[in-house]
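Listed below are the structures to be examined.
Presented sequentially are two complexes of chain A, the first with chain B as partner and the second with chain C.
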Partner chain A sequence: MNLNIDNLWVLDVAGTEIWITETIFNTWIIMSIIIALAIIARIKLKSFKLVPTGFQNVVEIIVEVFDNFATNALGKNLSYIAPWYFMVFVFIFSSSMFSIFGLRAPTADWATTFALAFASFSLMIIMGFKHQKGQYLKSFFNPHFVFFPLNLIGELAKPVSLSFRLFGNMLSGTIILTLYYSLTPLFVQFGIPALLHGFFDVIFGTIQTYIFVIISIMYVESAAS
Partner chain B sequence: MRSEIVFLAQALPEGRVFALDNQTFISSGIQLLNAIILAIALTFILYKPVKEFLEERTNKIQNKIDDSDATMAKANELIAEYDKKIKEIDKERMEILEDARIKAVAESKLIIDEAREEASELKKRSLDSIVAEKKRLQDETRQYIIELASLMAKKYITENMDNDTQDKIFEETLAKMEDSQWQS
Partner chain C sequence: METVALVIGIIHIASAIALLNGVTTTFGQSRVACQAMESIARQPEAADDIRSAMFVGLAMCETSGIYGLLVSIIMLFANPLVDILMSLLG
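And then the complex of A and B:
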């Protein structure tokens, strides 16, 4: 494992240099896997039965549990944005699981976490204006207009804190595992790392996925209501 | 400005853990685009169809539950109706039994009365018949005794008796025979 995010290709798009990093490539792999699984589920959906079994159970549980969770957290009037958070949930969780195979999780790159946090921030602003209209803008001047700079910084800090929280947690696991693989002799690199992967990738990954999604939902919900 | 994508052949820039520069924000933009593509794909391929399937199934189950409730209510109504009918039938049965009992009692009373009357009639007829028979026998016996006595008297008188003695003997004999006959 390498601590750095390697660049795989460099593209020149209209005179602008674009680095295709390991993160972006891994994201594409994860996307491909998720979309392939979704297509399989979609094909099998035609033969889904009234009483679910096996694969149908797994698909139903994933969608139903998340939908109930998102609808409860967002409320009925905002439930139409639940599919976005479903993607966020699935992507962050899959990224953490991706790390089990010794590959770099896309969420261990601030570019990814910032993109997700920025999307949540944008949703927060859009939903705030859509549902509260002028009241949302007015809330920046509460309780007095002199608090506007503080409120503005508070709002802008949200995507930053959100992105750095996930990035820091995922990177910490990556650093510890990289150090372990780099500093230990070969004979202890079998078996024992499974525990570390289980802890940092599975447990931390699941917790951080939940935290990122619930905080993002809370931001959007509080802006809209 | 050429608007085309070119793979640069130069040496790749060195990797890094974190940096706040243009490339990071370009990567963020690409990741945001990836996220949007993934969100659209997941929404239309998996999330919405599965949710629709679940809602459809929930509605189907709800309809079945509603149908079952309606059937149950109907069944309960039928049960109540049948219970009512059974109670009415029981009542009717009791009334029929009571009527039959009353009729049976009346009829048995009538039969007994008729039987009694018939028995009484029979008894009366028998008694009458006995009395008539007794009278007939009495008359026949008396006639026989008279004839017998007459024969004896005639014989005696013929042999050795005068008229007065003959009458006296006849009367005494007749009286004695009558007494002894009726006492037996």
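And then the complex of A and C:
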């Protein structure tokens, strides 16, 4: 583990340099695992029975739990955007699980978290215009048009605070584990770091995933209704 | 050389001060958790709702602590002023 994000290699596309960093490479690994699982689930979907057994049980539990959670938070008429949040949930959760293996989590890079938060922000604006039409634009001038700059800053701060929250939590775990690995002698690096990984990756990762999803759901819900 | 040492020392003190907001953040978070415990004890059947609201509240409180952490990290590892100083000193 390292504090810096290493640059693995540089691609040269039409005169512009594209840096393939550790974050991008780790994201590709996570993407390939998730896509493989999704394809397996899709193939197995054909042979699903009315009474679930084994693999079907697991898939049904995951989907059902998340569907209930999203329907409760979003309400019935907005629940069609729940699959996007399921994707965000699975990606952030698996990337914090990824750092258990001593590799750098993609969410410990601000670019990743800002991309996710900016996508949520765009979704918020689109849903606001779709469901409230002109009313959404009018809500920026609430309660008086003098407050427009304040409202605008308040809206623009949403993706920044959302992304910094996840990034800071993941980065703090990475920093503490890096310090532990680099400052202690070799014979205490077996067993004891498992506790630290359990605390910073599993517990913090799960709580921060939940919080990222619930707060972006709250933003969309408040914009759309 | 002395100027650089002074600047680096001041940067370390400043990042320590930036991390001091952990005191107030922890105090706020403890208030949130305390109130949630109290209301769960009063109404155990509403525990799930209270718990999810508590997590959101805790995350909101934690934001300022995270900002302090980021400020101190930026001051220690990615400080633009040190580069300017280095180029001025040659």
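Assume the second predicted complex is superposed on the first by the 224 of 225 C-alpha atoms of A that agree within 3 Å, B and C clash if a C-alpha of one lies under 4 Å from a C-alpha of the other, contacts with A are read in each partner's own complex, and residues count from 1 in each chain.
Simple rule for what comes next: a residue touches a chain if its C-beta (ideal position, glycine included) is under 8 Å from a C-beta of that chain, and two chains touch if they have at least 3 such contacts.
These figures come from a predicted structure and were not determined experimentally.
**Q** When the two structures are overlaid on chain A, which partner does A:R165 contact: first (chain B), second (chain C), both, or neither?
**A** In the superposition, A:R165 contacts chain C only.
**Q** Determine, for the superposed model, which of the two partners chain B and chain C contacts more residues of chain A.
**A** Chain A has more residues touched by B than by the other partner.
**Q** Once the structures are superposed on A, label A:E22 by its partner contacts, choosing first (chain B), second (chain C), both or neither.
**A** Touch partner of A:E22: chain B, not chain C.
**Q** Between chain B and chain C, whom does A:I207 touch in the aligned arrangement: first, second, both, or neither?
**A** After superposition on chain A, A:I207 lies in contact with chain C alone.
**Q** Pick one for A:I215: touches chain B only (first), chain C only (second), both, or neither.
**A** In the superposed model, A:I215 contacts chain C only, not chain B.
**Q** State whether A:F199 touches chain B only (first), chain C only (second), both chains, or neither.
**A** neither
**Q** Would you sort A:Y136 into first (chain B), second (chain C), both or neither based on which partner it touches?
**A** A:Y136 contacts neither chain B nor chain C.
**Q** Is A:L3 touching the first partner chain B, the second partner chain C, both, or neither of them?
**A** After superposition on chain A, A:L3 lies in contact with both partners, chain B and chain C.
**Q** First (chain B), second (chain C), both or neither: which does A:Y180 touch?
**A** A:Y180 sits against neither chain B nor chain C.
**Q** Give me the intersection of chain A's contacts with chain B and its contacts with chain C, in residue numbers.
**A** In chain A, positions 3, 167, 171 sit in both the chain B and chain C interfaces.
**Q** Looking at the complex, which residues from chain B come into contact with chain A?
**A** 1-8, 10, 12-18, 23-32, 34-39, 41-43, 45-51, 53-54, 57, 60-61
**Q** So in the complex, the part of chain A that touches chain B is made up of which residues?
**A** 2-19, 21-24, 27-28, 31, 34-35, 38-39, 41-42, 45, 48, 50, 59-60, 63-64, 67, 82-84, 86-88, 90-91, 106, 109-112, 114-116, 118-119, 167, 171
**Q** Give every residue of chain A touching chain C within the complex, in rising order.
**A** On the chain A side, the touching residues are 3, 161, 164-165, 167-169, 171-172, 175, 207-208, 210-211, 214-215, 218.
**Q** Over in the complex, which chain C residues touch chain A? Could you list them?
**A** 52, 55-56, 59, 62-63, 66-67, 69-70, 73, 77
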